[in-house]
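Residue numbering begins at 1 within each chain, and the chains themselves are lettered A, B, C, D, E and F in the order written.
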Amino acid sequence: MKKGINHYQVGEQVETYLLIKTAKKGIASNGKPFLTLQLTDKTGEIEAKLWGISPEDETTFQGGTVIHTQGDVQDFRGMRQLKIKAIRPSSSMDQVKPEDFLPTAPRGREEMLEEVTQYIFDMQNAKIQRITRHLFKKHQQAFSVSPAATKNHHEFVSGLAYHVVSMLQLAKSIAGLYPSLDTDLLYAGVILHDMAKVRELSGPMATQYTTEGKLIGHITIMVTEIEEAAKELGIEGEEVLMLQHLVLSHHSKGEWGSPKPPMIREAEMLHMIDNIDAKMNMMDRALDRVLPGEFSERVFALENRSFYKPSFHEKPIDL
Amino acid sequence: MKKGINHYQVGEQVETYLLIKTAKKGIASNGKPFLTLQLTDKTGEIEAKLWGISPEDETTFQGGTVIHTQGDVQDFRGMRQLKIKAIRPSSSMDQVKPEDFLPTAPRGREEMLEEVTQYIFDMQNAKIQRITRHLFKKHQQAFSVSPAATKNHHEFVSGLAYHVVSMLQLAKSIAGLYPSLDTDLLYAGVILHDMAKVRELSGPMATQYTTEGKLIGHITIMVTEIEEAAKELGIEGEEVLMLQHLVLSHHSKGEWGSPKPPMIREAEMLHMIDNIDAKMNMMDRALDRVLPGEFSERVFALENRSFYKPSFHEKPIDL
Amino acid sequence: MKKGINHYQVGEQVETYLLIKTAKKGIASNGKPFLTLQLTDKTGEIEAKLWGISPEDETTFQGGTVIHTQGDVQDFRGMRQLKIKAIRPSSSMDQVKPEDFLPTAPRGREEMLEEVTQYIFDMQNAKIQRITRHLFKKHQQAFSVSPAATKNHHEFVSGLAYHVVSMLQLAKSIAGLYPSLDTDLLYAGVILHDMAKVRELSGPMATQYTTEGKLIGHITIMVTEIEEAAKELGIEGEEVLMLQHLVLSHHSKGEWGSPKPPMIREAEMLHMIDNIDAKMNMMDRALDRVLPGEFSERVFALENRSFYKPSFHEKPIDL
Amino acid sequence: MKKGINHYQVGEQVETYLLIKTAKKGIASNGKPFLTLQLTDKTGEIEAKLWGISPEDETTFQGGTVIHTQGDVQDFRGMRQLKIKAIRPSSSMDQVKPEDFLPTAPRGREEMLEEVTQYIFDMQNAKIQRITRHLFKKHQQAFSVSPAATKNHHEFVSGLAYHVVSMLQLAKSIAGLYPSLDTDLLYAGVILHDMAKVRELSGPMATQYTTEGKLIGHITIMVTEIEEAAKELGIEGEEVLMLQHLVLSHHSKGEWGSPKPPMIREAEMLHMIDNIDAKMNMMDRALDRVLPGEFSERVFALENRSFYKPSFHEKPIDL
Amino acid sequence: MKKGINHYQVGEQVETYLLIKTAKKGIASNGKPFLTLQLTDKTGEIEAKLWGISPEDETTFQGGTVIHTQGDVQDFRGMRQLKIKAIRPSSSMDQVKPEDFLPTAPRGREEMLEEVTQYIFDMQNAKIQRITRHLFKKHQQAFSVSPAATKNHHEFVSGLAYHVVSMLQLAKSIAGLYPSLDTDLLYAGVILHDMAKVRELSGPMATQYTTEGKLIGHITIMVTEIEEAAKELGIEGEEVLMLQHLVLSHHSKGEWGSPKPPMIREAEMLHMIDNIDAKMNMMDRALDRVLPGEFSERVFALENRSFYKPSFHEKPIDL
Amino acid sequence: MKKGINHYQVGEQVETYLLIKTAKKGIASNGKPFLTLQLTDKTGEIEAKLWGISPEDETTFQGGTVIHTQGDVQDFRGMRQLKIKAIRPSSSMDQVKPEDFLPTAPRGREEMLEEVTQYIFDMQNAKIQRITRHLFKKHQQAFSVSPAATKNHHEFVSGLAYHVVSMLQLAKSIAGLYPSLDTDLLYAGVILHDMAKVRELSGPMATQYTTEGKLIGHITIMVTEIEEAAKELGIEGEEVLMLQHLVLSHHSKGEWGSPKPPMIREAEMLHMIDNIDAKMNMMDRALDRVLPGEFSERVFALENRSFYKPSFHEKPIDL
């Protein structure tokens, strides 16, 4: 099998199918139009320029199109860039589908949904369990394919589910060490905290913020949904308030989007677990293409740090 | 008529009825118990110490009790303090009620409710009007007596209604100068922005934060109520989202409690109008007891500034 | 009448006269010189590139020249850009003057000067009135044409006067609601606060900061001028100090250029009124070209926010 | 068995032995000397005032003395305070030792040392293993009794060892979920990160900062010790640098004491694990004495937050 | 000769004359009035409490009175405090004057004025020289006795002159190493930078901020005076602007009171020289009473740091 | 002799030898490769583009090559840029060496080493002297050629030595004015503070950060070296700790890389002296090419300020 686009080094030659994620027109300094293409397959992305395009090219090479291309990987200001030598849109003969080129979570959709279901099943507190199950059922379909973000971490098909399942495992193993934690609250917090991303974001393909995502945000949307779910299910009691507080405070600080800081143990832990999973995801990805003894590209969402791979660590298999 | 407690200067003698707002027990350096009393009438507050108390005193002089006292106003670290020379609880003979001693808005409850009603009546957009009216009717009773805060500004009986009515007048006169403002959105924003203070705070007497006030806060509570109101009234459309955004963003910044900054014109204006009315209220109060040519006490909520009264300004009538 | 440059959408064709505001030479990647032109008419600005220029072109197409051009409006990284297809300098035959292309306040110069004069005339305190009138007379001419800034808000011919007159109206309507405000101080503060922009900036055409503008700034310059005016008029008393304090503190915080924060009521209000008028100006302009249901460009001076026009608002007439 | 001092509520009577942790002399407002005693047993601390003391009292009631006392638990500004009614120093007849009153980790010293030894034993990389074992052996004795801090968290006998062992368990369970983590580096980082607290702090009794603790700090001291250990053991290679970086960066930010931020995966994880264990320790302690439905005291090191115990949680056994 | 109050250690007995700097009345917990006295001599200050005072005591022991007292130096929360055993006001028999007890610069007034004069005399640029001399002559009298501040550093009689002369010497020796510095500008900047402290502060005795000091501040006052001086002397040219900029920018940042940062070399150097002299003054004073091997009290104006005296440094002579 | 590259103005023609410092390949908008050359001689640097290069060009024009070139100095976004009209690599015939083109300290290597040696020789405290001499001898060779940084200030051959010698002179002249300073500590601090730059940076040619420079940094490296030196020389005593503290704290704040702030007088002074020398170096360089009456380019490391050269200052000789 061919290696993915993420594993090509500067200097290598590429001949492969790729999906155009976005295509943006610009005017070159010689006055001629060109396209900046963001090309992707399951392993990652690369930028390419298509110079001196015709009006037809503009129509042909749009976001969502799978192309076949030949070219060289070059360095442009510290980022890899594909210098295109040949390009054509794929046809039915090529037997390729856009879906096959979107980066996707490493675990299956159904398997992940089942795992979440099991955590809900194990809850002791019936109120917490019923509200969580109700909202999970309601959004299950979108939840199973949604990315967790538009960039930074888990921004791939099913990224949200993958993030949640990883956090549930973390929650379980940490709660085993700190018995004062209420696992019902903690698991429910993990499952619901980002659930409203399915309304904040436009879906797995060409992901964007929706209007309500921009003006209200996933945190407040989910607090509202918990209220409605409780009303609908006829559930009263402080459990409702606690679930709302868990979601509300999971960004930890006002300047990060939480109007209240965590004020129960499980809320503080939820924030820390979220952090661990997001940061591991970002660091792993940054170090994925790096050779032992080298530094990674800078990671904007990690205070623009560059990470080092110790020289006594092993070389990744596919490099 | 007697002058209020707020208008006594250091050095003056006091003989009057006052309401005990709070009474807190402490242990003096000689090992004897004492009470720190927060005494109030409609014009303001003064602190007093009751030294060497007996267990009966402790029962007698509790929050909510009206007392009759004689004493001297003294200076304690730049704050006025009442040195009590005689104190007794009021009896039915005295014909005084606690309600008569709570600082209250300078305008009548009914009059203010009517004024708000008129603003709602004048709205053009039926969706905005119906949601606003629905929520106003729902909370009208509590709204008409609630303070706007526990301290800093408008922290008196009907303070919330007074703050809202002042802001409506400001909104009207400013909107007259900037025709691009949608007055329906602006008025609705003013009326709803702090409405959930009736759930965040425990009411006009001995005001405290409720549990849901602490863990969720009035902003998120009202966003949730708008959602429910729209559902109940069968209203759909972007108006609902705009009303939620107005409430959500009215503290302007994440670190001040708004998870989203204002992103529509009326939201930005709502924040500025809120600011003007709160600041004028705080400055007026700070300068109320200050003579021309002098500086006020420091005002914590105004960056701890001290305000100056120009020497060519007039002396207040009752000083 | 033709529509202004500000109202052309991406994709439209333009054929019109425009003023070259600035022309900057660069070297293209093919080694040939080009000009980046900032083109303007009364409604707004647009950038254009003139590729492959000759030395004569460089002389012909300079700032201050009115040109006639044909071209297409295109999108360049989210900003509109004019792709020039034909361009020539205007001649006397064209009967166009540079002045006619500068964006200008929507109200007449004389009318605004008269309105300011009326506010001064109405002042009660003779000292405040005389100093204000003296400085107003002194700078009247430059004041009537000066922009209020080089960018962000009111950066057009007579922008300063327009900003001041709007603020006076705001001050009047707000002072009507808060009787504790001294309108003499407030109006004087409004009139003088930015008056030294006439020394800080180089004038209405190709506006730049002067050396004293950079090294001292309009705030300190005006404080100094108030001192001199008082000396010249033989005026003593705290009024002089108050006027200086109003100007000194109107940016509110040290990091925004005010060495002292507002310490009198009118100074705090002056700052808030300044804010309202500047922000309304910026938001109105950002939303001017936006269709209902869309977001504006980001506004740097408003914390880089993008503003939304609700979909139930009307489409602007000229779009 | 008697209940510990931490479990007495305001209003209860106490008759028990307690250790004087610190005794501080003051002058009361009546001019007489008094002592502020910090009294402790294994469960926690309480403050008490000893009024009108004689010179002998001053000599008798010093830090390190076990006393027998009778008194009432009262509230002083939201903190519990012991009002002493009778007090005497213990004598040999009482059969009490100061050591028995110091709060101590809930696990045995030897058991914890063994657990750390096992983690070292399991390391794969010989260089990392040898340096870690060398430093662990060197400081083992002091390490086994040292507190982890003077206040905030794990500030009890063997607090350092307890903190490290908890973190090792956390590290193990998290590393099981993220296979990219190098457990040798992570465990070594956990074991060494606070090891130099044995030089930064003065020991388990009346813990203070040493001069080198103040001027250099435990982070830099340990980096220096790793260098020396490597020299002494004749070890070269990047492992030495990585261990130094792990220790150096474990406070994560310059303003928190780390001159370099984490730049390897294990360093970032070390910081997060440290955080989890410290925060859980602080929250558990704050919520220990709180009844369901109530808020805890404010915790300074957790941004001064107060934590809530949901009303559906169980009452602690000993309350 | 007797040792000064600054050199008494906790535990020592005092019998001496001292000046009451300030006397503040309070109410003790037993309900009786007391005075908090700030007592001073040339070497420093000490606080004392006078318990159970009579109305006559209140009149007798006021600021500005020299008293004779006996007492013990005690420790109160880490600060020295004088426990008064006997106190009486001085009479004419005692032959003591208040002036003799005010801390004063270590150099003579006349000598310092002469030194400043010499620096002015040596200036090459006639415009800079004339303006500097004019303003120096104008304020010479007040300048020669003014403190440089109300607290933190150089807050003693002639503190301003002493600070300026030290800075001139620093300026001279540094300018010798960096020939690009214009010594005329630098010296003039040093002489004028704090000159308006004579208007900002109320003078050497019981120093307070004046109203113009609070509302405008010494920086802006001096910029205004330079303008007037230039007008009066008929001087034009950029030298005037440079002198104004030097004064205006000498606090370096907006949040420290300078509306513009230093933009000429000499302004940046002026700020750094000001810093060096102020910090050396504060550190020397903090370490003055400290024994080798000990830490000083915390110095608020130096980020609340505590300073260490190395144990191999010598003990001060008078300790 | 020819004038250096730093002294050419926009518009001038250049014909000279220059060293290629770095050469970076890019792809132009016409799809052709080009090189961005950083060209340097002893006086400064200039950027140039080499368009449309061949593979041979790429090999020929690499970092470290001396070239002969002809071209025009042009303005590119406010920076000077060389438009190359002719270029060829130098041959042995040209008799030029790369070393001759590197900017170098204005003083000789040997002379500076001797001066440092003299300061060490003059020390009184034998322990301080021996440690300082030991480390100076150890690194003398690298120290004598190392730059002090990769950019901002003293980033030239022998920049470190030049910076240290200037600081020693400053230290000497300032210590003459403040007798409380311990010159042994101060001089030792100056000599050692940046000594580990020889390990943090890769050397004078194409200077980069080393791995240990990035992960540990020069401050911690030198603290470690002082420890080892003391061990090796058998020196004990607080002097070792003080030298470590001086180095550790010389960046003054955590966010600037010092885990502890200065806590001894000499450490605070070391930080201020370091600042003065670095800032003078940066300002002198920025103003070097500026005409009287003009502003310099912005200096990033000086808060992005632009500096002004007063119009009454003289024009530099070579402009």
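What we mean here is this: a residue touches a chain if its C-beta (ideal position, glycine included) is under 8 Å from a C-beta of that chain, and two chains touch if they have at least 3 such contacts.
This one's a predicted model, so the numbers in the text were calculated from it and none came from an experiment.
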item: Chain D and chain A - chains in contact with each; value: B, F
item: Far-end chain from chain D, centres as C-alpha averages; value: C
item: Chain pair among A-D, C-E or B-D whose interface repeats that of B-E, sharing over half of the contact pairs by residue number; value: B-D
item: Where chain B and chain C are represented by their mean Cα positions, the distance between them in whole Å; value: 39
item: Chain centre separation in whole Å, for chain F relative to chain B (CA means); value: 60
item: Centroid distance [mean C-alpha coordinates] between chain F and chain D, Å; value: 45
item: Junction residues of chain F, two or more chains touched; value: 28-30, 211, 214-215, 238, 242, 263-264, 293, 295, 308
item: Overall pattern in which the protein chains touch one another (line/ring/star/complete/other); value: other
item: Pairs of chains satisfying the touch condition; value: A-B, A-C, A-D, A-F, B-C, B-D, B-E, C-E, C-F, D-E, D-F, E-F
item: Chain D-touching residues of chain E, taken from the complex the two chains share; value: 28-30, 34, 49, 51, 74-77, 81, 83, 293, 295, 308
item: For the chain B and chain C complex, residues of the former touching the latter; value: 125, 166, 169-170, 173-174, 176-178, 180, 182, 185, 237-239, 242, 261-265, 268-269, 272, 275-276, 279-280, 283-284, 287, 293, 295, 302-303, 305-313
item: Residue ranges of chain A in contact with chain B within the complex; value: 211-212, 214-217, 219-220, 223-224, 227-228, 231, 238, 241-242, 244-245, 248, 253-260, 263-264
item: Interface residues, chain F side, partner chain A - complex; value: 25-31, 211, 214-215
